[in-house]
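Chain naming follows the written order as A, B, C and D, and within any one chain the residues start at number 1.
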Amino acid sequence: MSLKEEKMIFLIQCPDQKGLVASISTFFYKRGFNILQCQQYSDLLNGHYFMRLELSLKDLTTSRKQLEKEFAAFGEGFSLKWSVHYTDEIQRMAILVSKTSHCLYDLLLRWKEGEIHCEIPLIISNHPDLEKVANQFKIPYYCLPITPETKAEQEKEIKKLLESHHIDLIVLARYMQILSEGFVEQYDGNIINIHHAFLPAFQGANTYQRAYERGVKMIGATSHYTTKDLDEGPIIEQDVQRVKHEHTPEELKQIGRDIERIVLARAVKAHLERKIIATGMRTVIFH
Amino acid sequence: MSLKEEKMIFLIQCPDQKGLVASISTFFYKRGFNILQCQQYSDLLNGHYFMRLELSLKDLTTSRKQLEKEFAAFGEGFSLKWSVHYTDEIQRMAILVSKTSHCLYDLLLRWKEGEIHCEIPLIISNHPDLEKVANQFKIPYYCLPITPETKAEQEKEIKKLLESHHIDLIVLARYMQILSEGFVEQYDGNIINIHHAFLPAFQGANTYQRAYERGVKMIGATSHYTTKDLDEGPIIEQDVQRVKHEHTPEELKQIGRDIERIVLARAVKAHLERKIIATGMRTVIFH
Amino acid sequence: MSLKEEKMIFLIQCPDQKGLVASISTFFYKRGFNILQCQQYSDLLNGHYFMRLELSLKDLTTSRKQLEKEFAAFGEGFSLKWSVHYTDEIQRMAILVSKTSHCLYDLLLRWKEGEIHCEIPLIISNHPDLEKVANQFKIPYYCLPITPETKAEQEKEIKKLLESHHIDLIVLARYMQILSEGFVEQYDGNIINIHHAFLPAFQGANTYQRAYERGVKMIGATSHYTTKDLDEGPIIEQDVQRVKHEHTPEELKQIGRDIERIVLARAVKAHLERKIIATGMRTVIFH
Amino acid sequence: MSLKEEKMIFLIQCPDQKGLVASISTFFYKRGFNILQCQQYSDLLNGHYFMRLELSLKDLTTSRKQLEKEFAAFGEGFSLKWSVHYTDEIQRMAILVSKTSHCLYDLLLRWKEGEIHCEIPLIISNHPDLEKVANQFKIPYYCLPITPETKAEQEKEIKKLLESHHIDLIVLARYMQILSEGFVEQYDGNIINIHHAFLPAFQGANTYQRAYERGVKMIGATSHYTTKDLDEGPIIEQDVQRVKHEHTPEELKQIGRDIERIVLARAVKAHLERKIIATGMRTVIFH
């Protein structure tokens, strides 16, 4: 929920303790801020506390650095783990794809229609197939093919591109390659993947064929942060669609495409709007 | 979300203004309270602000009266409209029914299983049919038949019963009578109705027959607070189910029953857990 | 459900009567046909019978004309109303749009990915805005602006274009103009519209604003055949999405776009695959 | 879909072959039957054919035995596997439970309201807890406790009860015991279980705790025929509900109960109405 004005968003987590809301809100009140939105979640099972705070940027009277320094000092007393984001600092998103176009197209259309707010400096693929899509939207396309021998080399090339383009968020929009542990760690919490199944069901490949064989009555898709354990990262969003015995594996795939598209778009949007705090295998999502 | 401990819940609304979160949370912090949960919503379109606050009752060191007095004084400066609820003061709910049992049964089962937390001192009906259901759950059943001539008289009887039983919440679980304007005003914000359609579609009666004739592909149900404008009160919850051309009006009715049950139960639960603030034709629901 | 082979599809309706399945299936069996799929629906309330029959085209040993003549003669005895469709005769679809791109893009992408099987000889609009989308997909774009004075004239132009391109199906993909009664009758049963609300709720314009004001908890979209009574044509498909009080009218619109897209695509696909029989205000859909 | 008249229902499966519909429908047409409904599914991937046929019982002019004999002779030529069911022969259903009441209550209520059409001669449990529920509905309750030593003995007792009561269908309404292979085989295709997860995710126990820990965004339930491979039987029905990070395992359980209830009820209803043909790990369901 938001009318258009530039904002600061704080994402905070810490051990649960008395006086948190009062202390934090007073910190900002004293500095002349209006709290536009304050969302919190106390995980009473684990004694952990999460907060998302929206403040109006126009109330900021010091430098951003200065405010961050002051908040860091303040936060030490509460063992806060936190990050701050400024909506006027547009995030830079890279999309990695293989040959399938539906997720890529969907992201680009939403981006063009202003639903997804970011810059997309480049699209990277291990296949040439989707270059024409990139061209339609006038986004540079880098084709870096892979062979078993060149896998490590290719990843290094990707890294170089991401770094030189100052990429904040990597979206694997049906990129059919497994990234190395080192790569994943470097971009920890900033890689979003779409898995074409309702995890934890049907981990791994060939999910629609297996869904057909198992005779499930619903199929789904899952978007999650990528971690070194494949298909085990914190889940951001899931959805399902009812299917019937008549549907062939091919038709399940088609139906699945619609779910993948939407589930990935929702996850990317929530990340870019700074609505997600990841914690272990789970995500706290402030809608 | 909540582990079991007794709580105070404040529901607050007021014109949006600077420093609200800080002031309110400081009010409670100073008095030694831990804020268990603080949810808020700023309706930027209308400049209106809503807050739901959960505090631990065991932190209360004065009398309830005293705290309320202090908060009232504090609230004047901000033009707060507020109410406070104590989870150890069990609410008293009356259920009004006609002949249909599915919603009544559903509420009673959830109540027995502890999903719905309240007392149910009585069930009132204009028909004798559901007395045996009331008996199964050992709840007094009052049968007050209606004829066009006795309508006003009967309502007076209902009122007397509600008052003598100190009823807080009235649930119309398929009670097929229209309540008078005076009655509705007296219990304003404390009468929940279930309408067997996806409002605002199919206002009025015979909704499943009309849904069949119109050939809709989904049917639904709506629970709402009752106001003097029939089917126009603030909507609390809605849900739908996909249907097909094969379904007869009778089958739509059966499918509809499952939706009605769940939609009414969710609304009653949200009300009893003090998660709803009504505002004009809308409800703010803090899930 | 279907592996790829060319087929004939019969859509049949008639008064319900004994021996229909046997007679019809025997008609085709005698002529050497294998019935790939036979779906039927007896509307016992209205005594009406509907059938969809899939036959393998490769079993056809006479001319199409000859078979149709024989079936017409056969059908007279049963008062059959029927049509036959050959999957190797690709249907020709025109898309009419105004300024909004999401439905247009969605249809074109599905068409390109082979989900929607047809030819799209042209896109017509009363605004120039979407010409670049048409260009991306290399489809001729005709911009025919409207003023109150030129409305009738413009429609005549559209008609001419549709006729000269031998259009079978017209899709109103957010075309914000009302078509004349004469136009609608000429293409009766072959114009599909998308309405941005869960009909019959929110007929007319400004649906998301009104949904916001009414405080509904779900919003939806409806695709239907266009008839002379606005928003009253037979419904083909509907879907909904859960929303919350936080959503602004603008956000409801965004969420609504995803529903509109999918609901329109499903309707167009079902029509092109000849799975729909319209009957009065209702549709029988053989999934 | 059905107005009330007594019917015969044939469930048929066989290798796909030419002339099936014509031959079968002619078989019945020649004997004076009106085909009320004829549903079929050709599994082109496996070359297998399935049919469900509804005929009016009042058209039967011979004995049931005689018709079955004739159809058996007819069916040999096509390698038909088939069964016939008469709606005036009410099926007899046993419900097995442990301590949890929600599924039991739900089935009994639907049964009382006429949604589920069968006789329920007995309820069997390994615990005494739900006897009072059975009493409410005046159904005999047999409590057969289990210890590791008496497990085989107890199952023998159950079998005896089922046989002496001529039970057709066994519903495991949260019966927390594993049945022996021999038992399952004897009632093959006539035992329906409800699993409190969206299979194949979360096979086994403690599903809501595990769903919480995995951080899934939807939870579900699955009803399936019980086979000797635990949680691997053909799936009949599934459904899901959206959940959030706020939900504790306890709350997931509560939400899950609503899904379990409905999913089990739909499965039982579909079975009793003879809408299901099981085939390997899958079910064909003619809705």
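Assume contacts are C-beta pairs under 8 Å (C-beta built on N, C-alpha and C of every residue); 3 or more make two chains touch, one makes a residue touch a chain.
Small disclaimer: the values here were computed from a predicted structure and weren't measured.
In terms of C-beta pairs in contact, the better-connected of the chain pairs A-B and B-D is A-B. Relative to subunit D, the most remote chain by averaged C-alpha coordinates is A. Annotation: 37 Å between the Cα-based centres of subunit B and subunit D.
Among the residues of subunit B, those in touch with two or more other chains are 1-3, 41, 44-45, 244, 246, 248.
By the touch criterion given at the top, residues 41, 44-45, 198-202, 213-218, 220, 234-240, 244-246, 248-249, 281-285 of subunit A touch subunit D in their complex.
Touching subunit A in their complex are the following residues of subunit B: 1-3, 18-23, 25-26, 28-29, 34-42, 44-45, 242. Subunit D contributes residues 1-3, 101-102, 105, 109, 113, 115, 136, 244, 246-248, 251, 254, 258, 262, 287 to its touches with subunit B in the complex.
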